[in-house]
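Each of the next two complexes has chain A plus one more chain, namely chain B in the first and chain C in the second.
This part shows the complex of A and B:
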């Protein structure tokens, strides 16, 4: 959608909600190099949220939305869970339908958008909790990857079912004592990134959201690769500070502690050969563009 | 796309986008001898479907595969096999959220597996068309005809029609899209038939011309925004209603459910001229009536002939639409009847319950006969049921002993 579509009739400008005014006047849509640095200044895609104070999911949401390469043509798909409390505040079209069916919804959605807009970019991004992605929705997650559906799956891994009060999840660590794991979880954290690789994902990253610049890079890569090549998967640690007994200020430290070398969220990345070639080509083009811009500047 | 300006132009298969009224009521009809499954295929060939999601389950597997052939030929734009029916119905939802005309078929356990999706479809105002070729849902495993699954669909917020014949089926598949997509309706529609009896038998069906098709679906006539980022993405609310336990939250959920029911009622004005009324009736001045839907109506018709030979005059009411429910029509049609028999292909007798809840003096309703699990319903069984209930001697089955 172009920005023209969202212009406000001048007579009504002052009575429109401030977020909408903001969207029209300051939106980062279409801006080259939009990214995490816009967070706090450009609030057209997300301003408030209704998560617990200090919940790392809120940071993750801001970084991801700031990093989408084309929010004006992106539709997001959520699931039930803490994320579903944020989506109503999000300024891109987004779908909540049921718990766990997000990748099936996204499959149909992406196909519909390809049928209806064959010559335009329409990105689809799934964002759901670990319970939604790995437990109740695992079939739909994997099947969409097997089918090579061209969209990005982002899992907010908080290692438990937060929204229902902290029950055991497949991505929970072994031994963790939780509701429905009264003597500690009896099996290992499911290795979804490895499964994703076997299932045909072209770009997979496992990390925390402690570093906004890193989140920006991986989100951008994941969306662009999904657009051009095939399914991509990001597993982001967004600790549920409420259920692991941390204070509002402690989320960042929790992420830093768990991304140290050897820890379960130490940065891990996988790329298919196609994805590697695509990113290399992209970097090449970026370089050429910058060089010619520099030249033009020197000549001016 | 503006569906009006496109009328008269051709699609990539050379079919002319035709005004639905003209297509249904004025265009020539070509008699053809087809199975029910082939009839589904021929209807979809003319339906300008963007996305079909398929999954095998008897007795709809053949139809679902035949539509794959249509995709290969280019009549259906996209086609996929889902992973199971829960996934299938969510894939349909995704397609419909994205503004596509979406079609699917299912049956029995497939309907049950997918169930969580149906109230979501109607709540999200997705005008998906789903064919249900009814079969048993009981254990032990059965693939036989049985209409129990329809009962589970009645309060999902979908439009539910129950076809008797392959001709009903053909017409309603095309008409169903048009009713479901009306801006003041915009709801999913289940078009049901009795599996095998309709899908696997051949019948003469009058088809519309193959070079005419429905105009495409226009998602911008939807009462809720299409999820394609082509209209401004409003922030819907400060807090999602699921977070709140207050009056506004309750009122929102309650009124939206009422709105879905109201939209079902609003579909009447489109449906009645399209399928020729929500019911069809014959001889409703008779003291005895048979009221039912699906192929139970066909068997009822035969039973009426047999009873006529014995000097008993019996009227017939065929219920075509279950949602909207023809409340007033049934009250009117049954007002002279002293005895109302409701033959059904399921153990629960849901149709009889619905009718009892509709008419005054509901003890006039005599549920049954019920056959289930794939049994056929010979007209003689209906005759015997009526004669026994009326305290008459049962002649027709005398030869079978007691």
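This part shows the complex of A and C:
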């Protein structure tokens, strides 16, 4: 995993558009411990975005892309929805799937990558909306978890079908009235995190994207656990400010309000025993590494 | 059925895929000009004449040669740069050879900058903006090249050539196949050899007529 793999042929460096030059010289490929603090300092792996101004999905994208442990060895799988309009701007390999098929595509992809690159770790990360994950794609989502497929599923939960103008989704709150669901939702928000646990996910987090450091931590954990143990699931609240009638600068406050204790996006986490042991071991190794680095510094 | 001739457009909003019109790809050692199978050497000479007679002959290197992903790609990049330098050296006065990259295939929204790049999903923008009348694709994956070549044929009057590392492109006006570093260098030699023998802005003589 190194920066050397992503290089422009020297003859063509000067004719490449500046964003590509920046990508090879100033992005955090291969950087150990990359994370949200690189945002604004290093070249991000997202160019522009085509979401509504102030859409929290854009923050989520930036934090996630900054936190992937090995972006040069990651393939993301997207699905139709607001997120799919962002992928053309993303500097990580990605595949667009038919609406709902994302976890089936990711299953095949992960297996193919393991055969094609037996000596290299390749991460697969699904990123799709709640409609794709929980409604139309629910079968594929669950089946991939039952089969213990080793990839991460991230759901951008904005509690409705945003891209098509506001239809009811399984993750919508009970009673909510949307532009194209005027009667109001008649049943409760589907409890996918609980279902994920019963279906065999080893690491599950339900939270908002208001805190970049938290997003960094859960993305990293989810990808590393999926790599070593089995399926992981993140359900991130990225409110559709357009559909809930908020202004561009109100997305952050909406997330803060929804993550207060007792609210539906209060931080919730589940880890299997295997995942717990794995993370504890990782923390131990990190600690030892830091200690030896400190020692080396003191002796220098 | 008479042979479908692949010529500069603008042909139509949806030009047919040349393969669907019965055009076939050249065998090893061959190339095609307007869909007619010819010995490779004939295509080198013809391609060099087209390039030397154009006002804005342009090389479009694609991701397979822009990115240093293996040793062969690096060697091809050096050869393509040599071809471009040869073009600049040999082009008649008034011609403006260009080298414009196609860094990747993402549909870029809200827009690309046609001055500095070409995108396979709307290659016509770059051709129009720079008034390119002859171009050569090199290092572009086949399916993306075919898509672009058809869009260019549909909406512009640019003569298209393809230096393909596989079996060639029916949708280019002229296509080579089995591209190697040596073949790129050989094409540059032809450009050098024909320097001065071709009149500036006489491209119509070599394109078998536009379709309009």
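In this section, the second predicted complex is superposed on the first by the 292 of 300 C-alpha atoms of A that agree within 3 Å, B and C clash if a C-alpha of one lies under 4 Å from a C-alpha of the other, contacts with A are read in each partner's own complex, and residues count from 1 in each chain.
Everything that follows uses one rule, which is that a residue touches a chain if its C-beta (ideal position, glycine included) is under 8 Å from a C-beta of that chain, and two chains touch if they have at least 3 such contacts.
None of these values were measured; they are calculated from a predicted model.
Enquirer: Once chain A of both complexes is superposed, is A:85 in touch with chain B (first), chain C (second), both, or neither?
Expert: Both chain B and chain C are touched by A:85.
Enquirer: Which holds for A:77: it touches chain B only (first), chain C only (second), both, or neither?
Expert: Only chain B; A:77 stays clear of chain C.
Enquirer: A:50 in the overlay: touching chain B, chain C, both, or neither? Say first, second, both or neither.
Expert: So A:50 meets both chain B and chain C here.
Enquirer: In the overlay, answer first, second, both or neither for which of chain B and chain C A:95 touches.
Expert: Only chain B is touched by A:95; chain C is not.
Enquirer: Of the partners chain B and chain C, which touch A:12 in the superposed model: first, second, both, neither?
Expert: second
Enquirer: Is A:20 contacted by the first partner chain B, the second partner chain C, both or neither?
Expert: both
Enquirer: Applying the touch criterion given at the start, work out whether A:104 contacts chain B, chain C, both or neither, answering first, second, both or neither.
Expert: It touches chain B, and chain C stays clear.
Enquirer: Which chain makes contact with more of the residues of chain A, chain B or else chain C?
Expert: Comparing chain B with chain C, the partner touching more chain A residues is B.
Enquirer: Using the superposition described at the top, list the residues of chain A that contact chain B and also contact chain C.
Expert: Residues 5-6, 17, 20, 48, 50, 85, 88-89 of chain A touch both chain B and chain C.
Enquirer: In their shared complex, at which residues does chain B touch chain A?
Expert: 50-51, 53, 77-78, 80, 82-84, 86-88, 90-100, 102, 116-117, 120, 124, 225, 227-240, 242-243
Enquirer: Touching residues of chain A toward chain C in the complex: what are they?
Expert: Residues of chain A touching chain C: 5-12, 15-17, 20, 48, 50, 85, 88-89.
Enquirer: What part of chain A is in contact with chain B in the complex they form?
Expert: 1, 5-6, 17, 19-20, 23, 48, 50, 72-75, 77, 84-85, 87-95, 97-98, 101, 104-117, 122, 139-140, 143, 147
Enquirer: In the complex, go through chain C and note every residue touching chain A.
Expert: The touching residues are 61, 65-69, 73-74, 77-78, 80-81, 99-101, 103, 106-110, 113, 116-117.
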